[in-house]
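By written order: A, B, C and D. Residues from 1 in each chain.
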Amino acid sequence: MAVNGQHDTPRDTPLDDVPRTTPLGVTVWSENYHEPREEEVRRRYPDGIHGAIAAGLREELGERVRVRTAVLEEPEHGLSDEALAATDVLTWWGHMAHEEVDDKVVERVRRRVLGGMGLIVLHSGHYSKIFRALMGTTCTLNWRDDGDRELVWTVAPGHPIARGVPRPLVIEAQETYGEPFGVPEPDELVFISGFAGGEVFRSGCCYRRGLGRVFYFSPGDQEYPVYHHPGVRRVLANAVLWAAPQDRPGEPLQNAHAPITW
Amino acid sequence: MAVNGQHDTPRDTPLDDVPRTTPLGVTVWSENYHEPREEEVRRRYPDGIHGAIAAGLREELGERVRVRTAVLEEPEHGLSDEALAATDVLTWWGHMAHEEVDDKVVERVRRRVLGGMGLIVLHSGHYSKIFRALMGTTCTLNWRDDGDRELVWTVAPGHPIARGVPRPLVIEAQETYGEPFGVPEPDELVFISGFAGGEVFRSGCCYRRGLGRVFYFSPGDQEYPVYHHPGVRRVLANAVLWAAPQDRPGEPLQNAHAPITW
Amino acid sequence: MAVNGQHDTPRDTPLDDVPRTTPLGVTVWSENYHEPREEEVRRRYPDGIHGAIAAGLREELGERVRVRTAVLEEPEHGLSDEALAATDVLTWWGHMAHEEVDDKVVERVRRRVLGGMGLIVLHSGHYSKIFRALMGTTCTLNWRDDGDRELVWTVAPGHPIARGVPRPLVIEAQETYGEPFGVPEPDELVFISGFAGGEVFRSGCCYRRGLGRVFYFSPGDQEYPVYHHPGVRRVLANAVLWAAPQDRPGEPLQNAHAPITW
Amino acid sequence: MAVNGQHDTPRDTPLDDVPRTTPLGVTVWSENYHEPREEEVRRRYPDGIHGAIAAGLREELGERVRVRTAVLEEPEHGLSDEALAATDVLTWWGHMAHEEVDDKVVERVRRRVLGGMGLIVLHSGHYSKIFRALMGTTCTLNWRDDGDRELVWTVAPGHPIARGVPRPLVIEAQETYGEPFGVPEPDELVFISGFAGGEVFRSGCCYRRGLGRVFYFSPGDQEYPVYHHPGVRRVLANAVLWAAPQDRPGEPLQNAHAPITW
């Protein structure tokens, strides 16, 4: 019996835990809006928020990753087809310039995620075009910015993203995010944060979409040195490993109308 | 303590099972593409696919619903703000003309669903703009059209949409849909279909999005009299009751940046 | 074609929102351990914790329910076959005497839940035999008792159990429960609580098991007047309506080895 | 600030994809009831069903696993504390002798799973004490045994257990299992099978319980040479890698009443 060639996966696909012979390609993306405009943010993140995130991943993951950064002002925002083809996991930080991101690039990234590329969306990236496009919902939340202490509690202790993360992870001062968070119910909820003011927030949410994996992590703001926090760096390193393609990255799963070819 | 007025719900909200004093407003939408063009389809569905679906809902639900139909060629596709404001549950059938649906109308419907309006997406509507926008994924599938017998099996016997549905529901001839279906994992999987050729398909999928509920049901094609089938009519009637707003329909859940107002 | 008689549901099964002609049978169960032994608890709950819960349900639901109470010291703990046959929804409060509950009664209740009876498990009931039997996990949690303020946040605003519940629901003093909570990931997470000390807890968890529905709600302790709180009473009333059988209550779904009888 | 020592995980926990320096310990368990009693089964599985499963894992996974077998008639069924302490993943096949499995051993295995050990339950093991204890539900299904062709369809193409598995996986003759399957909704549904007679079955179901992972896979029967099928062997090899502990295996997650120790 012939099977649908489109879906057939050759028997010689390597098994999951064969040590990778090549490092994971990671692209750390940021809008880089605050840094050139605000001296205080620049002091906090002299290499940009993207620079701090990239440094943390290199420190935690060493030779297992090849990390590059990309920012809004680059051509195609640094997210050309070639760049994405070399990316196993993309991390996204945006805040002020969501609307300046080209819809064509958003759709290109979305199709890559559905084809197997991992995506890690950070903090105010909850309202980015790419996250809203993949979730389909408002992706809105409540907030206040009073420098409250945030405690990030692990609710899924067996989850790979929680491995080696302090329980709780203590962030001395942070912007407060509050429920309800306008997202689909996560496929796996890993972290819930509690704030000194009493708010709670689902701060670590996993989604499976197409062949890809998406992780949203809320801690991280331009006003606080969150991306220098060793516990946060550990979460992001774990998330990169978790979000890495489980199968070969490639084009989106299927065409619109794929006949069954017996 | 003041609470966030935006989210506060008055204590006098009626409890769930208070019998409705007004019928549910149901809008049955169809692109109405095949019917005027193909005599055979017109013989099968003299009042259009939308007419057959509406008749089934009126027959099953009687005075509990007020059913109207709307089609693509109407101004705003018959889905004006006023029309949607009077709609508790919208059913959607489309196939050939997905791309002709105005993006502004799609976004209007999407925001209504997130605000609490129920949505029931039928058959080839899997590839409609509104379903893809709400799911965020490819929403693709595999198919062949050989008139196979479809058996719709209930996998969630306690689910309200399965109530009174034959197990299995037998559809003597149907287009075959096959996995993988490019959707997020359903919040509740109610039906799985098996086809004479051996394919399987998740034919009844529930999603919660924002304040709204979405149900996808795959049986139903212009080439077969599926919407005259009493078992299919029962599923659609159950689905309308299930998808009805659990809370007051209204504007989408939140604004983009809602401050927490203590 | 004959279908499996065991699963066939007659077409005349009433549709979901037909107003019930008979009230829901609710049994409010409690171990009644603290009340006779501790004067302070008796002052707080002169009719017992079960009496306070029953009063709240009668107040909120009026003629839509017929509420009885049952306690550990009754024969068969007040949960005979006859009593359960007349019960649509059972609420469970226990703390000190979990081990004194007869395993035969636990199994009887478990099979009723799988057959369609609703179950609402309260507070320290997280460690009851019946909840652990239905969840299969440790059902453990972390705790301290310092009278912290608890804020119960709605994370699923469209959920029927959240209807009319203040956002947040404020409980001025409560025992603190903390994650990780050793339960399966809820099928729907409705509430998350935050405590003054910074802990968070998944305080409102929905599960579908067999034909039945299970809701766990954590607020409520013998040391605090939580069951007199109007917001808590509203949650419990909503939960009774949500947990009510979606189909006829009956014996568990299937036999161990049910042949497919075509 | 001190954190709850019980939950604190040292920062030096190895990251996920560090190649293991030691092979995974796999115990393949079978009741070994049919083999000594039925010559035909013995011809089909000269080393027992457990022997065939173990051979497949060794062939697929080589030095990455250290596979041992254990059967019912051994002391403690070959599942002593020492044996389980050396087991990262346990596979379970049973059919006729479920009731002969010692409840103490069942509870020991259950606690190991909640503590992080992977469990793979096969075919008629759906009705084993260990699977029912972990699921909490009836775990029943419908069946007939007419040697139908089974097509195992991948519904989660990005899932590690589906990697390298033919789509569909064709099993020429098999016992037919049918829905409804009395289990909690899977955390991830990987495979759905369709049978020549038209039945469907959720044949590959993933669950997360405590720190452990559970995978149920339905193909496999003493009357058919299913465990010699290369596609089935690939599924089982993938499942062993997926179910392997994500964190150090250890004692169950928590004690019954763990105070929060600030």
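Please note the rule applied: a residue touches a chain if its C-beta (ideal position, glycine included) is under 8 Å from a C-beta of that chain, and two chains touch if they have at least 3 such contacts.
No experiment lies behind these values; they were computed from the predicted model shown.
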{"item": "A-D or A-C, whichever has more C-beta pairs in contact", "value": "A-D"}
{"item": "Chain whose average C-alpha position is farthest from chain B's own", "value": "D"}
{"item": "CA centroid of chain A to CA centroid of chain C, Å", "value": "37"}
{"item": "Length of the line joining the C-alpha centres of chain A and chain D, rounded to whole Å", "value": "31"}
{"item": "Contacts with 2+ other chains: residues of chain D", "value": "4, 7, 154, 156-157, 168, 178, 180, 185, 187-188, 199, 208, 210, 253"}
{"item": "Chain contact topology (line, ring, star, complete or other)", "value": "complete"}
{"item": "For the chain D and chain A complex, residues of the former touching the latter", "value": "1, 3-4, 7-13, 15-17, 19-20, 60-61, 64, 116, 154, 156-160, 162-168, 170, 187-188, 208, 210-213, 230, 234, 237-238, 241-242, 246-247, 253"}
{"item": "Complex contact set, residues of chain D against chain B", "value": "149, 151, 153-157, 168, 178-181, 185, 188-189, 192-196, 198-200, 202"}
{"item": "Contact set on chain A toward chain B in their complex", "value": "4, 6-7, 110, 114, 127, 133-138, 140-144, 176, 178, 180, 182, 184-185, 187, 197, 199, 207-210, 252-260, 262"}
